Structure formats: C-alpha cells, structure tokens
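Several structures are given next for inspection.
Below, subunit A partners subunit B and then partners subunit C, in two separate complexes.
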Partner chain A sequence: MLTVENVDCGYGRLQVLRDLSMEVAGGAVGLFGPNGAGKTTLINAIMGINRVTAGSITFEGRGIHNRPTHEIVHGGIALVPQERELFPGMTVLENLRIGAEQVPHARDRGEETLETVFGYFPILRERTKQLAGTMSGGQQRMLAVGRALMALPRLLILDEPSLGLQPSIVHELFTILGEMKEHVAVLVTEQNVRESLRTVDRGYVLENGRIVLRGTADELANDPEVERSYLGL
Partner chain B sequence: MSSIEQRPRRRAPWVFAALAALLAFLPLVAGPYPQTIARSVLTYMMLAISWDMLIRSGQLSFGIAGFFGLGGYAAAIGATYLGVPPVLTLVFAAVVVGVVALLIGAVVLRLRGMYFAIVTLALAEIFRIVMHNWSSLTGGPNGMLLPRSAFDGNSVATYLMMLVLAAVVIGVSEWFRHSRIHFALTAIRDNETVAASAGVNIYAYLLTAFAITSGIQGAVGASYAQLFGFVTPESSFNVNYTLIPLAMTLLGGMYGTWGPVVGAVLLGVVGEYLKLFIPYGHLLVYGVIIVLVILFMPRGIVGLVRGHLERSRRTTTASEKGGAA
Partner chain C sequence: MTGFKRLQVALSVAAGIAVVALFLWRPTAVVYGLQRAGLYASIALPMALVLGIVHIVNLAHGEMMMVAAYLSYAAARALGIDPLLALVPTTIVMFIVGIVLYRLTISRTVDGPELNQLILTFGIAMVLGQAVNMIATSQPRKISLDYVSASATVGDVSFGVYDFVFVALAAASLAGLYLFLKKTRLGQAATAVGQNPRGARIVGIDVQRTYTIVFAISAALLGIVGTFFMTKFSIFPTVGGSYTMRSFSLVAMAGIGNLPMIVVSSVILGVSEAAIQAVPHGGGWSPLVFFGLIILAIMIRSFRGGRA
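Our next item is the complex of A and B:
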C-alpha cells in the first residue's frame, strides 16, 4: 500500500534519513525510536511536508514523494500531527466537519463518516457543541484522530499520539486504534513501545535515520535489544 | 454542512441591520455635505473590509493604496482610450487589477509574514512610479482627467453608486466568512502544516483571496476616480489609503465583516469632525487611536462587544443548568 524506498531526507545540509526503506501493507504498523531518530522527519516526508532528496515513496502504486501535502491528503492519506492539531476556538462538531470539507471525495459523505467517528469516540457525540480548546488533552487527541478520519483516508498516520497523555487514556486510545485498523491502515510513531506493541502488527525501530530493526509485534516484543532499550525490563 | 458556524438565532443581527439601513438612508435626506462624508466613509470602509479579508489568512498587506491607485488609473485609461462607460469602469478596474494581482501573487505569495508585507508596500510604490513616468499613457505627474464622470457627479446618484458597491463588497466578505474559504483561510493563519494536512490547497486559496481583495481595491479606486473626475500619481497612490483602512479595521476589530464597517463609520465621521478644528491633525488622532486600541482593545470594538455577549449568554446557560459548569 505505502512503500518507502531508499529515501534520503533532511533539512538544508543536515541529512536526517539515509537510504531508508519501509512499507505499510495494511493493518497497523509502528515506528519506534528515541527522540531525534527521524520518526517525524519520515512522516513529514511521506506527507510532502519535507523534501525527499533521493529515493521514492509510492502509495497504491502512485509516486507521491515531493507532491504538495493537500494532494496527498486528497489521495487518501490523513495525518494526526504531533501538536496543535485542532482549531481551539471552534466547536467539536465544526472541527470534525472541516476535516471532510477540503477533501473532495469525503465532502459528500460527511454525515455518514461523522457516525463512524462517533462510533469510535462516543464522548465526541456528547460534546459536539463544546469548544475544542476547552476539552481535556485526551479528548482533544481523540478529536484530532476523529478529524483525520473525516477525510476518509485509506492510510491514517499518527505522530506520537500518546504524547502528554495519562496512561489510562493512552491505553484507551490504542484499544480504539486496534478496532480502527480493521477498516483503515494505520502508521503510528511512538515512544510508548509497550502500549503500541499491543496494537500494531508489525514495527520498525529507527535510530539515527536508519532502520535498525524490523519485524512482527511479537518478534519485536521478544527482541532482547528492544526489551533493554524500550521496554525497560 | 452548509456553513461552518451554526449559532443559535439572535435578535442582535436584525437590530444591527435596521441601524445600518437607517445610517445608509440618512445622508440621502441630509444634503450634499453629509453625502460627501458618507461617500468617503464608504470608500475607506470597502478598503478596510478587503484588507481584513486577506488578513484572515494571516497575510499582512500594505499594498492597499497600490491596488486602489491602479484601479483609478485603470478606470481613467479604460474610459479615455477604450470608451468604457463611467459606471462600468468599476467592473473594468476590478478585473484589470484582479488579473494583475493574480500574476503578481503567483510570485509573491511564496513569501510570508514580514517579507510579504514589505513586498506589498514596495508594489504600491512601483505602481506609483510607473504611472508617474509613463507620460504618454497616463499624463505623467499631471495625471489625467476622466472624459465623463459617473452620473455627471450628481451627489445623490453617486452616493447610491457607492452604497451599492459597498453592499457588494460586504456580500463578498460575508460569503468568505460562510463558505469553505473561511475554514481554509483560518486554518492557514493558524498553522500551515495542519492546514495542508487537512487537505487545504494553501497556494490556491491565498492566490484567490489576494486576487479578489485586490480586485475590490481596484473597483474602489475606480469609484474614487469617478467621484473626483481625475487621477494623479500623488493623490491616487496616497499612503493614507493604506493607513486609514488599517486603523479603521484595528479599531472595529479584525477577522470579520462588521469590525471594519463599525471602525470605518466611527473613525470616518470622527475624523471629518476633527478636521473642522485641527486640519490634518485628524491623522495624528488616528495614530493615537491605533496605539491605544492595540494596547487596550486588541480585538477591537466588535470583538469587545461579542466577548460581552458571549459571556452573558454563557452565564445564562450556566444558571439554566443549575450552575453546573
């Protein structure tokens, strides 16, 4: 579905990703690694926010590297960015509706998709009229995921969804992502490896802009290196 | 899914509309001098609205006077060389200036913030210098006379012409507020990365907004040319056409149609009154108002009133719920 092949990417003279290859074939894929490993850079390269200087990125057989971001979104990939992802002065319902508004194929099916989103996050249905900025961090994150879903993506990318959330909310969020991956492919970057390994089917470990480890969730969970560095056992 | 904002019905808009209709009607019976003031207020009001429409996307333009002056010259040139009828010069100027803005915008809208603002300021000066020196076409420093002015300068008729144009501009601004454009521009102002991630074609929206708002400024410039019957480089590109609308918008409140409207009426009328006592001193008063507003009332008058209304409504709903937050 999504294939990243031999990609180089960076900022100015600073090269962050080196000859990086990975793929998302369906289900949920995790992208792990410490701060500065290049996780967000890779996400931004996929979304057309960062320029790729070598290699290729294809989605459903079409090359998407260095295309404008809105085209990539219209083409079926949605992103939940790391922070400041909502319009705090707008209500929950407005935030959701604008998620579909700018995407041609999602626009006409807005009401339908809204029901799907409320199915995943019942709390949002109760709060449709509340201003997004007045909700708790966890609810805001769920709203951000909901808004990304409104664009009817076939691949949903989440950049560190657990950031700044209390453990019980993180647990809930990953449980919901587990349901979601049956209907839409999910790519999620995380530092909370323990929680995400419950949900993802496969994963990659990124260090210094290179993939150092890849495998199924079970393989990663049992890898001594992962255990030592990320699970803190 | 028609509009982004769905607020409960309120009486305030109707009161406001009635008041506006009364104010618009008043100069018709009050005589030529109030009509002159009203035409000037409407001129600045439209420029203020158009400036606000672009700032909603976060793009700060200092180029109002440039497109305003260009519109005036487009009207004069169209009327002189192409025989465009007086009232139609407004449409002609809007199209010419809109196309010019589209071509320029395609290049300069890659810039943001301070860089964009400075370039628009420079553009206004470039337009002025071109008109000043292209003597064979524009009459150079002496400017040019229009062969015939709209309604032969009839005071009531020209006031009505300005009123209709203002209604159109207000209509376009409200359309901006209540269509997909509103979300797109707000999102771009807020955070371009998030906007793009939500599928917003940033470049296309900015280019559209820039062309439309510049076109409005061009039409207003053409109406000015019709009112006074001539254009000159010094008067048509006067920096006041940039600064006064800006002050009016800041006073009234940014990011909406009614802020510039309220600001233009207040500052326009007050400025006219001050002229009687301290000629040219009114500009000083404008400056002081800008500083005071930015310091103590950053959301402007409309923002202040709206804040009060929302707060009182919230307390009512809270007490209806038995005080539960």
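Our next item is the complex of A and C:
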C-alpha cells in the first residue's frame, strides 16, 4: 500500500533520515523511537511537507514524494499531526465538515462519514456547536482524528496521538484505533510503546534516522532491546 | 452574547444615535458623512478580506486602487467612452494583476515573518506610484461627467446624489464577500487558511491557490472602486496612499476578520469627519478626528486584554 524506499530527508544541511525503507501493507503499523529519531520527519516526508532528497515513496503504486500535501490528501492519505492543527475559530461541526468538503471523493459522502465519526467519538456529537479552540486536549485530539477520517482516507497517519493526554484517554484512543484499523490502514508514531503494541500489528523502531528493528507486535514485545529501552522492565 | 458582541452592538447603537442627533442639527452633514463612509468602506472591505481573513499585509492597497483608476481613465480617454464602460475590463485586468503580484512577489513572504511582507508591499507601493508618475506625470487628471453632479432636494436640504454609488458599492461588496466566505468552497478554504495554514493543507486545501485567488479578488474589487473613484475625484499618482492608511485603521477598528464592523467603523469615521466639517472653520480638524478615533479604538482593544 505505502512503500518508502531508500529515502533521504532533512532540513537544509541537516540530514535526518538516511536511506530509510519501510512499508505499510494494511492493518496498523507502529513507528517507535526516542525524541529526535526522525519519526515526525518521516511522516512529514510522506505527507509532502518535507522534501525528499533521494529515494521514493509510493502509495497504491503511484509515486507521491515531493507532491503538494493537498494532492496527497486527495489521493487517500490523511494526517493527524502532533500539534493537531485544528481551526480554533470554527465549531467542532465546521472542523469536521471542512475535512470532507475540500476532498473531492469525500465531499458527497460527508453526512454519512459524519455519523461514522460520531460513532467512534460520541463526545463530538455533544459538542458540535463548541469552538474547537475551547476544548480540552483530549477532545481536540479526538476532533483531529475525526477531521482526518472525514477525508475518507485509505491510510490514516497519526503522529504521537498520546502526547500530553492522561493515561485513561490514551487507553480509550488506542481502543478506538483498534476498531478503526479494520476499515482503514493506520500508521502511528508513538513513544508510548506499551499502549500501542496492544493495537498495532507490525512495528518499526527508528533511531538516529535509521530503522534499527522491525517485526510483528509480538516479536517487538518480546525483544530484549525493546523491553529494556521502551518498556522499562 | 459575548462581551465583545455586546460592545459591537453598543457601538453600533451609539453610532446610530449620533447620526440621528447630527441629522437634526445639520442634515447635509449626515448625507455627506454617509457618502464618505461608503467610499471608506468600499476601499477598506477588500483589505479586510486579505488582511482580516487570510492575513496578508498589503501596503500597496491604495496604490492598486490608484492604478485601477488610471486604467479606467486611460481606457476612457483612448476609446472616447464613458469611464464606467471601462469597469468590466479594468476589473478583469486588476484580477490578473492580483494573480501576477501574488505569484511573483507576495507568495515568497507568506511563510516568513510579517515584516518581510510589510517591506515588500511598501516597495510595491513605491514602484506602482513612481511607474504611474513616469508614464502619466503627476498632473491631476479628471474627466468631467454630467451625471456626477446630479443633485436632489429633500425639504429644504439639497445634496449631490452620485456619491451614493459608494454606499451601494460598499453594501454590494459586503454582501458579496459574506456570501463568498460562507457559501462557497473557496471561501471556506480562505477562512481555514486564515485560521491555520498548516491545518488547511492537511485537509486537502491548495493553500497557495487559495491565497492567490483571494488576493486577486481583492485586486478586482479595487478595480471596481478605482473606476468609480476616478469618475468623482481627480486622480494623481499619490492619491491612493492615504486610503491605504485609512483602510488599515478601519480594519484595526473593526477587529481583524470582522467584515460587518468595517461598515460600522466607516460610518463612525465618515459621519464624525463630516460633523467636524459642518462646524464653521472645522475642516482643518477632520484629520484629528480620524487619528483620535484610531487611538481610542486601539486603547479600548488593549484594555480588553487583546482578546478581540
């Protein structure tokens, strides 16, 4: 589905990703690693936000690297960024509607998708008229996920969805992601490895811009290196 | 109702009462004040769109209107037609000018600090002003038109009626912009880009295209205003500059992104200037009213904690 091959990427003279290859074939894939490992850089390269200087990224057989972000979104990939990037002066409903309205294939099915999103996040239905900027962090995160789903993506990317959320909400969010992955492929970057290993099928560990470990969720959970570095045992 | 909404309603009501009181004292001052308000609002509304909605600072705003006025003037002189017939071609040309200006210059500043935009558009203003100065010289130009001096008498008050076109223009611009922002996909995209450009691109909005078209719409509106402006007033290369400043101040008074308040602010400004001029020897004081109101508006805003 999504294939990243031998990608180099960075900011100016600072090279962050070196000869990086990974793929998402379906289900849920985790991308783990410490701060500064290059997780967000990779996500932004996939989304066309960062420039790829070597290698290729293909989605459903089409090369998407260095394409404008809006084209990539129209092509079926949606992002829930770390900073959420909601429209603070719009209501919850307006934020959701605009998620479908600007994407040609999602536009006509907007009302239908809205019901799906409310099914995942009932709290959003209660808050439709509230301004997005006035909601709590956890609710904003749910709204950002909902807005991304409105674009009817075939691949949903979440960048550190648990960041700044209390454990019970993180748990709830990953439970919902577990339901979602039956319908849409999910790529999620996380520092909360324990929680996300419950949900993902496969995972990659990224360090200093390179993939140092890859495998199924079980393999990663039982890997002594992962246990020591990320599960704190 | 939020505190800010209440303040807006209070201001609008106060402005209304002041207008009625002035009408009882000097009816003509009200008529001229409203006409002036129409002119101010029709020039400020395109700026409210680019500054208030998508946050582009354009110091060449008045100069762009001046260029539009000269375009219509040149078309009318060259072809021997009524300047108002030049309205459509001038508007189209200005739309294209807007696209070119944005793509060539302003697009390079939208990701940088706002100061870059300020300096860039200040430079554009100078280039436009001096280019017109070189081509058309600084001599004031005016085409005299019979219908511009039409007047009406109501009771014992008589006044020019042509200037009401600016009131109509302001009303039409406001209605048009409102429908554009609320009802069209591009208008929604513009609002989204203004609130969060990074958020806009990840919901599938072509951010650069949105900026381009919004800027071009503003330029096209200035094409319309400029054409009407030159039917009424003499034009010269520096005629636009003061309107940049006025438009800026009106947008600041109205609150960023608040289009209807532009009209209220324009009425307050236009009518108070006309009121001062109605006082014998008061004409010279009208700039004081203008700056006084700006200082007042900024003070009220800062006392309110900058929430608006």
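Please note the rule applied: the second predicted complex is superposed on the first by the 232 of 233 C-alpha atoms of A that agree within 3 Å, B and C clash if a C-alpha of one lies under 4 Å from a C-alpha of the other, contacts with A are read in each partner's own complex, and residues count from 1 in each chain.
One rule holds in what follows: a contact is a pair of C-beta atoms (placed from the backbone, for glycine too) under 8 Å apart; a residue touches a chain by one contact, two chains touch by 3 or more.
What you are looking at is a predicted structure, and each value in this text was computed from that prediction instead of being measured.
Subunit B and subunit C, once both complexes are superposed via subunit A, clash.
By the touch criterion stated above, A:Gln102 is placed in contact with subunit B and with subunit C alike. Applying the stated contact rule after C-alpha superposition, one finds that A:Gly119 touches neither subunit B nor subunit C. Once the two complexes are laid over each other on the shared chain, residue contacts for A:Val73 go to subunit B and to subunit C alike. On subunit A, the patch touched by subunit B and the patch touched by subunit C overlap at residues 47, 49, 68-70, 73-74, 78-79, 81, 85, 87, 90, 98-99, 101-103, 147-148, 151.
Against subunit B, in their complex, subunit A makes its touches with residues 47-49, 68-70, 73-74, 78-79, 81, 84-85, 87, 90, 94, 97-103, 107, 110-111, 147-148, 151.
Note for the complex: subunit C touches subunit A at residues 185, 188-189, 191-192, 195-196, 198-199, 201-207. Partner subunit C is touched in their complex by these residues of subunit A: 47, 49, 68-70, 73-74, 78-79, 81, 83, 85-90, 98-99, 101-103, 147-148, 151. Residue ranges of subunit B in contact with subunit A, taken from their complex: 1, 4-5, 180, 183-184, 186-187, 190-191, 193-194, 196-203.
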